[in-house]
Structure formats: structure tokens, C-alpha cells
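Order of writing sets the chain letters: A, B, C and D. Residues in each chain are counted from 1.
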Amino acid sequence: MNRKTGDMFANSPELGTCPRVLRPTNPPEFGDGEKVKIRAENLNLWYGDFQALIDVTMAVREKSITALIGSSGCGKSTLLRCLNRMNDLIDDVRIEGSVRVDGRDIYASAGDLPALRKKVGMVFQRPNPFPLSIYENVAFGPRVHHQAKGGELDGLVEESLRAVDLWDVLKDRLRENALKLSLEQKQRLCIARLAAVKSEVVLMDEPCSALDPYATMKIEDLMRLLKAKFTIVIVTHNMQQAARVSDETGFMLLGELVEFGATTDIFTRPRDKRTEDYITGRFG
Amino acid sequence: MKRSLRRAKEFALERLLFLSGTASVVFVVLIFVFLLREGAAVFGHVSLGHFLGAKFWYPISSPAKLGILPLILGSLLVTAGALAIAVPLGIAAAFYIAEVAPKRLRTVLKSCVEILSAIPSVVLGFLGITLLVPFLKNFLGLPTGLTAFSGSLMLAFMAMPTIITISEDAINAVPREYKEGAVALGATHWQTLVRVVIHGAFPGIIAAAMLGIGRVIGETMAVMMVTGNAAVIPRTIFEPVRTLTATIAAEMGEAAQGTPHYHALFAVGIVLFLISFAINLTADLFLNRGKKR
Amino acid sequence: MTAGGVKISVQDLSVTYGRVRALKGLSIDVLDGEILTIIGPSNSGKTSFLRCLNRLIDLDAQAKVRGRIRLDEEDIRNGLSSEDLRKRVGMIFAMPIPLPLSIRDNITYGPRMSGQIDKAALERIVVESLRAAYLWDEVRDRLGQPAQKLSGGQQQRLCIARTLALNPEVILFDEPTSGLDPISTAKVEEAMIELRKAKTIILVTNNTKQAARVGSRTAFFLMGDMIELGPTADMFTVPRDRRTEDYIVGRFG
Amino acid sequence: MRNESLKQRLGFGVLLLATLIVVVPVLSILVLILLKGWGALSWKFLLTMPRDGMRAGGIFPAIVGTTYLVFVSIAFALPIGVMAAVYLSEYARDNWLTRTINLAIINLAGVSSVVYGLFGLSLFVIFLNFGVSIIAGALTLGIMTLPVIITTTREALRAVPHAYREVSLSLGASRWQTVRHAVLPRALPGILTGAILSIGRVAGETAPILFTVAAFYLPKLPTSLSDQAMALPYHLYVITTQIPGIPESYRYGTALVLIGLVLVMNITAGVLRARYRKKR
């Protein structure tokens, strides 16, 4: 579904009545021709009695990088995990509100979870290749979804590894156990797994926090490259990383999305005092 | 001074803790030494090769024939039968309990497994002899229901708690990251289990099966009560057999101290001890390998 | 107290965990009465360094420590028992960890363990320590309640009070505000600055701004090496090393 | 995709079936013993001596004998086991000795129960000249249950957050003070669970007492630890296999008492553990 930015929040009247949520501004470069890929509306989430997300509303533009920042425990990872329903894996979770991917509410019905997660892929904080060979790691998704077989699969594996710039290094080591790779290579491999199933969205949960500076830089370069093909949402505790790579940034605090807007605005002209406090390092 | 007194007290306490810590080693050594003390003498009557390889166990004929091959084969047969039943069932149940069952049901199932492991073997043996044995006799039309198969059935249930609990631990120990990675790629729960979790849990599952063997081979009462105790080399699983453990339990009461028979029973104990030692050592290796990965 | 004399002298300190080298031959003097802040990305050896100073690193069977650390000229490995060392060098952890006891018993835990049994003295210690940690007014009426009922920020200040109860000379802070909200963070920082008058403080933090706010000197660690050490103001305005600058402006970490 | 969800349903169905094959017999065994044994239960059955070659009367001496065995063996094994666990979890470093101890524990747990019987006979009955007696049997059972106590205590100690130890030590407490004041109080319920579990285990074992304590038929109560005694599990074995013509309800009654005793211990342990987990 292709909606214009102007009516992005048109059908969420609660926004105006909820004092705790600042109405997100429409970032200037959110022009007419651009498409909203994911839209969360009035999202509330409880772990047992604890409310981890409070009335979160935001939109993610297609083929852009959206960053979520905030101190630990603010709910940014939780929000991320709502976008591909990974929170379903946890007991005792209750979710209200809606998340639309390409206009379809993913929480509306039981839905086709595997198809959703294939479309909205995820990269984790600690790279988590399976204890299988490099080849089998990349081939895992296509096999599971019956997307390719035999020779086709070989081609797909090569293409996916090329996409993350691993093919030249690893083409002779495809049968080796993926656990032997370096951390950075593992993280790239995990992204290659998503490329292989033709994910459209990549959710990244602090993808660089286990990496050294050099590897961080290389993954960030990769993200900029991937932007051409994917919509990326990244959670990071490193504000500068958000400033460097993202187009839009959301700042979260204690379960609320305090502010959401163009990255340049958030970092230069934050509208909320708390955002400013965080960005200038008064806490966190 | 008060402080140095405290130090001295703590030092003494720490020594005591250390001694208790090493007690297990002492006991294992003691067990081996005292089995040897009574059992080694049998080799004054028969050679080791004869003891392990001869086909006849007639301990009270004169001269006594002390070949434990029929007993070893009896134990192996009963064990193999038990494992063929318990390993697939146990692993499947472990997967169900660890991964599929809803929370409440899981608690119930786990309690059932715990209860099963708590039922004394003599009670199982009693039920076996009163219910299972007559049933098998009639159902299969056998001359007697006291067979290796009855023993295998009983033992399968005795090994199941071990196999289930340890496999379940291994499945739970598979890093959450693997499961999340698979699910996040859109794999179904079943695909995640079959394609990823099983790989991670494999060493633990092997260890579970090994420890199941250990439990089965060492089991005494239930097996003694339902297998018929015929010390002959078994041809099929539907014949009476006699196991190593049952031989000791049944005959020790009648063997006069100091006779070859008496020593031979201790020697059987040594064989059992060494078997369980080897099994536990191997299982431990697998368990550690599982942890390292 | 005047900053100046050397309180802790570290020479050629190395820590290895198995094959991983967490600290690679570090030498640094911690001055009496300063707040030394240590910044750097994760896995740079900050916490390992801190845990060497009160020998808590001994708990980790894998860790091998080499080099020399002296507290007031005394070698902490040979001259001092670890208990005596830890009474003089207190520590605040990243997460507040109240022992599952009452507020009062948490504070008196240290003194009781070192043999203080006089009720009146213990009560005095409770009051004084809680005051010094800016917590007295909030908990004075419920000293008998379980400490785990306090809020996160209060718990962290309780931990500070608990450390102060032993009247240590040096206090080690290991990312003490990483789990706290802005207001609690400010309170903890306030307490830290106040403490500086009587104690030597070493603060490990991953919040560079915090280091800039409270530190008198700052050290930048990277992958087990100390890249740069200097007055905090200089470090944040004119870093000498390119990597320090990269870190401070957030190019990595 | 439909295909995959069908496969999943099928797979889970198979797993469920396997689980039921394991669980259903367990429940039916319990129900059966309860139904068939209930009729035999009476105060007379529980509290009188057996008569007529055990074909009539009660099982009182067996209950008393088992009680003796349980208490003496736990009194022996609990202190050693708990101290060993404290040593292993709080003091021992990862070196060859610790690895040896761990191996020894695993082996103690794996040794066949009848081999324990042989060992008890050889060491306690013959070598130490205790004779066939409660003390010989209880010590044998105690050693056998040692691994259970050590393992459960160790788990309980491990469940105490590592941070408590660090905090306590960082406050200048000594190692022992840390164990005594910061760790052990937290682990107590877990230790208790282990003790109760091993009581259940000791009460149900037959093979280790065959040659060390058990009297076939002894119509009087033991007066000291060096007396022989009857015991429930051995009694059940005897009346099941050795003596013909015993009314079936007697056998089921004895089995019910034995299994009841064991299960009560297990359930108590389970409840204790659950409550303790919830609290944390």
C-alpha cells in the first residue's frame, strides 16, 4: 500500500489526546514519491505487569535507514522486535496497537509468521551463525522456504555472499564451520542469510556492539551500500553511529518514543528537553 | 587475638571442606579396592579369559564352572532391547517437553518423569511379575512370560527419566541465538528443531543415551524379578535370561564366604564397576564437548 | 585533601584470560584525592583493570595477572591480605546489587564481617554512610525493610553507602550509572563529586560526557592498551592521539 | 508454506504420541497401586508385626527398619555432601583434582546398586566387622546417595547470583564469611530439596541392603544400630517372589506404602523447590 506522508498519521486520533507522546514531525525529505514501509501505531507492550512500550507511533520509509537510540532498558530493542513479531517467542507478553508492513497489519490475525519474518529479517547483537557450514548458513533460508535447489542454490549463495562482500574471502572455505569466522565476518554472514531469502527489511539490534572500531566502520559502510536494496532499522546505543548512518532517528526513554524525525534535526535541533539531555550525555 | 583466632577457625573449616570434597574420590577408590579384595581370588580358580569367555555358569557344581559369558550376553540383550525402546521415545519426549508443550503441560509432564524416576525398582519389578509377565505369556503364547523382553520393557521405563532429563537439558542449553536466528529467517518451529536445535543438542543427546545404558546395565531388582534368571546363552529375546546384576543379587545370599562362587560374584561386581566406569567417562566427554561449543 | 601524592601505583600490569589479552602491560599512577575516569569501548580492559585494584579478579579462575600494584607503597599482592585490601579499596558495580537483607543490614554488612559488633557504633555508621550517599532522608523511616524494595537509583546509592560504611580510602566505580535514569544519574554524580574531598576515586564509564563532567584526569583505553592519559579538560578539547579523538567524537564504540 | 505447517503438525503429533507412551503408564501404575492397595491399608497393617510366615499381620518392622536406614544414612551423607558441594562450588579451582573429584561423583552416581551392596558387604560387614546391621546398610546407602546430595547442593549454590559473592568480598568479608552469610542462606531451600530427594531414594533401594542389613523375616524391632532389620523394599521383594500364597492385597498394600513414602518425599521436594524459585 502506498500512502503519502501527509496522511501517515491521519487515522490515529488518539495521538492528539495522549499527552505523553510528542507528535512526530514529518521530516522534510519525506517527499511525495516515497513509500512508508513500516508503520507502528499506538503500540503498547507489557511484559507481565511491566509496560515496556508506551503508545509508540512511528513510520519507516522504504530504502532508508532508521535508527532508534536511547539508554539501556528504554525499550528500543523491544520495539524493534515488534516489527517482525520476535516478541512472540517470549512468554507473558501482551501487545496492543498495530504494526503495518506494506500496509498490512502484522498483528491483525495469526497471519503467516514465516513469510513475515522472511520479509522482515533480523540481525542480532551477537552474530549468531548456526553451527553449520558457511554454505549451509546462507542456504538455510532458501531451503526452509523452498526457494531454490541444487545449482540454483549455489548461485544464490554466491550472490548473497557477494552482497555483503564476503564471497572473495570465503569462496574456497564454504564447507568450513561458520563458527570459525571472525566476529565481523559472522555478522556479515548473518546479513548474507537475509539477502539469500530476499528480505525487504533488515532489523539490526546493536549490530556493532560486539565489534572493534575497524569492523564497526566496515559494517557501517556495508549498511550504506545495502540501503539501495533494503529498508533498514537499527537499534544502537552509540548515538554517533546513528548520526553517521541513519536518515531518520527516534529517541526512546522509559518505553516512550520521545522524539522522531530527520536525523540531522534530532542531533542539531532536538525539540524535547530529554532528547537534548541524552544527546549531550547528561545521562545514559 | 580475636582476629587470628578467626583466621585459625576458618583455616580449619576450609581443611574440613576440602576433605569432604575429596571424599567422593576416596569412596570410588574404596569401592574398587574392596571389590578387588574379595573378587581377585577367583582368578586362582579360573583364568581371566575363561571367566569372561566360557559358556557355562554352574557355580555350585563341583568343580564349579565359572564362565560369565551367558550373563554378559544376557545383560547385553536386555540392555539392547531396552535402549531400542527407550532412546527414540525418550528423545522424542524430551523434544516435546522442552520445545513444544505449553508451559502448564510442561510442568505436569516433567513431574510425571520425575515420579517415574522415583518409583523404586522393586515396585516396578512387582508390577512386572504380577501384571506384565502373565500378560506377555498369554498375548504372545510363550511358555513363560519371564523373558529378556519383559526385562527390556521394564528397563526401558527405568532408563527413560535419565534419557529425557539429560536430553531436555541439552536441548534447553542450545543457545537461544540459534533458535532466534532460524525463526528470524522465517523457519517454522519444526524446521528450527530439525535443522538447527538438533545439531546444537547432539552431544548432550548422545550423553543421555550413554547414561541411559549405564542405568540399564546396573539395574538389579526389576530385572531379576521378570527375566526368569536362566543362565544360558540366549537365542531370542523371548527366552529367559540372567543378567550380571541379577546373578549377584540372587546368589550372594547362598554363596558361602571364601568359596570360588563367592569370589566369582565379586568378580562379576568388578566387571559391572568397570562397565559403568567406562560408560560414565564417555558420557562425560560428550557432555563437556556439548558445553564447550 | 590535596591531590598530588601517588595513592596507587600500577606497573606493567597485564591480564590474560586464556589466550585473550585483556590488558597489555599497563603503567599508571593514581593520585591521592583525584577522580580518575577511564573511558574506552567495550572489551578495552577497563573493567579488568578496575578489578585488579581490589583483587576481585582473583575470583576469575581463567584470569592471569602479572605486574605490580602498590597502594601507599604496599604491594597489594604480597603485603596485604585481600580482605584488608578490599576494606581500603571499595567498589561500586554497574548494576546495583543489594544483598537480600534489610537496608540496615546491607550497610552494616562490611563492618560486621570485620568484627564490629557494638550496636551503637553500627547504628552510627548506618546514619553517617546513608547521609554521605544522599539517601538518609529517603530511607530513614524504613531501615528494616528489604533493600531490594528500593528503586534502582536508591539501590545504587545504598551500594555507595554500604561501601562508605567501611571508610575506604579509594573507591572504584564500574559504570555506576549505566542502568539509571537522568535524575538518578545526576544524584550519583553529585555524590561522587562530594566524595572526592575525602577519597580517591576511579570511575570507569562508557559515557564520555560523564567522564568530562566529573573527572579530574581521564585515561583512554583501547583493546588492552592505555592510549592516552591526561587532565580531563585537555583530553576532551585537544586529544593528542587520533584514536582518542575518534572515540570521543563517537566514530566507534 | 501450507505444506510446512502440515509437516510441523505431523511432527509435533509424533512427539506428543511418544510423550504419552512414556507418561500414561506412569499415571496408570500410580492409580492401579492406589486402587488395589488401598483396601489393605489399616492401622493394624501399618502398626503390627507380621504373622503366619508373613501371610498375615502387618509390616511394622519393615517401616521401622526403613526409617532407621533413612535417618542414619542421611545423617552420614548430608554433612559430607553439603561440605563437598561447598568446597567444589566456592573454593575449588579448575585443576586436575577438581576434575578427578567430578569424575568420581559421576561414577558414584553410575555404579550399579547391587555393586554398592557388594561393597558394603566387603567393607562394612566383613572388613570393619560391623556384621549384617543397620549401620552397615545405612553407610552403604549413604555413600550411594552422596552424589545426589552433592549435585543438588551444588546446583543450589550455583543459583545464588555470582554478584552476591563479589559484593560480599568487595566489602572485605573473607571467603568463608561470604559463603556463610551471603551464599548459604540463599541456597538453603535447594539443599533441603536435595536432602529430601535422597531420603526418597534411600527408602526405595533394595539391592544395596540385600547383603548388608536386610532380614528376611524378623518379628521384633531392632534395638541398636548393629542389629539386623527388615526394610520395606526388601519386604516387598520377599513377599512377591519368595513366599507363595500371600494375599494379593498385602503385596499391593506394601507397594502402596513404599511408593507413597517415596512420592511424598518427592512431592515435598518439588513443592519446596517451586516455592523457592518463585520467591527469587
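Methods note: contacts are C-beta pairs under 8 Å (C-beta built on N, C-alpha and C of every residue); 3 or more make two chains touch, one makes a residue touch a chain.
No experiment lies behind these values; they were computed from the predicted model shown.
Colleague: Can you name the chain that lies farthest from subunit C, using the mean of each chain's Cα atoms as its centre?
Modeller: Following the centroid criterion, the farthest chain would be B.
Colleague: What chain pair has the highest count of contacting C-beta pairs?
Modeller: The chain pair with the largest number of C-beta contacts is B-D.
Colleague: How many angstrom lie between the CA centroids of subunit A and subunit D, rounded to a whole number?
Modeller: Chain centroid spacing, subunit A to subunit D, equals 52 Å.
Colleague: Centroid from C-alpha atoms only, then distance subunit B to subunit D, rounded to Å. What do you get?
Modeller: From the centre of subunit B to the centre of subunit D is 16 Å.
Colleague: Quick one: subunit A and subunit C, Cα centre-to-centre, how many Å?
Modeller: One centre to the other, that is 36 Å.
Colleague: Could you state the distance in Å from the CA-based centre of subunit C to that of subunit D?
Modeller: Roughly 48 Å, centre to centre.
Colleague: Out of subunit B, which residues touch more than one other chain, so two or more?
Modeller: Expected reply: 188, 191.
Colleague: Specify, in ascending order, the residues of subunit D that touch 2 or more different other chains.
Modeller: Expected reply: 4, 174.
Colleague: Of all the residues in subunit A, which ones touch at least 2 other chains?
Modeller: 114-115, 144
Colleague: Which residues of subunit D touch subunit B in the complex?
Modeller: Per the touch definition, subunit D meets subunit B at residues 4-5, 7-8, 11-12, 14-19, 21-23, 25-27, 29-30, 32-33, 79-81, 83-84, 86-88, 91-92, 97, 100-119, 121-123, 126-127, 143, 146-147, 150, 174-176, 200-201, 203-207, 210-211, 233-234, 236-237, 240-241, 248, 251, 255, 258-259, 262-263, 265-266, 270.
Colleague: Please give the residue numbers of subunit A that touch subunit B in the complex, ascending.
Modeller: 84, 86, 89, 91, 113-119, 121-122, 124, 126, 128-132, 140-141, 143-145, 179, 190, 193-194, 197
Colleague: Using the touch definition up top, name the residues of subunit C that touch subunit D in the complex.
Modeller: 54, 56, 59, 61, 82-84, 86-87, 90-91, 93, 95, 97, 99-100, 109-110, 113-114, 159, 162-163, 166
Colleague: Along subunit A, where are the residues that touch subunit C in the complex?
Modeller: 71-73, 209-210, 212-214, 216-217, 238-241, 243-244, 254, 274, 277-278, 280-284
Colleague: Note which residues of subunit D are touching subunit C in the complex, please.
Modeller: 93-94, 161, 163-174, 177, 181-182, 186
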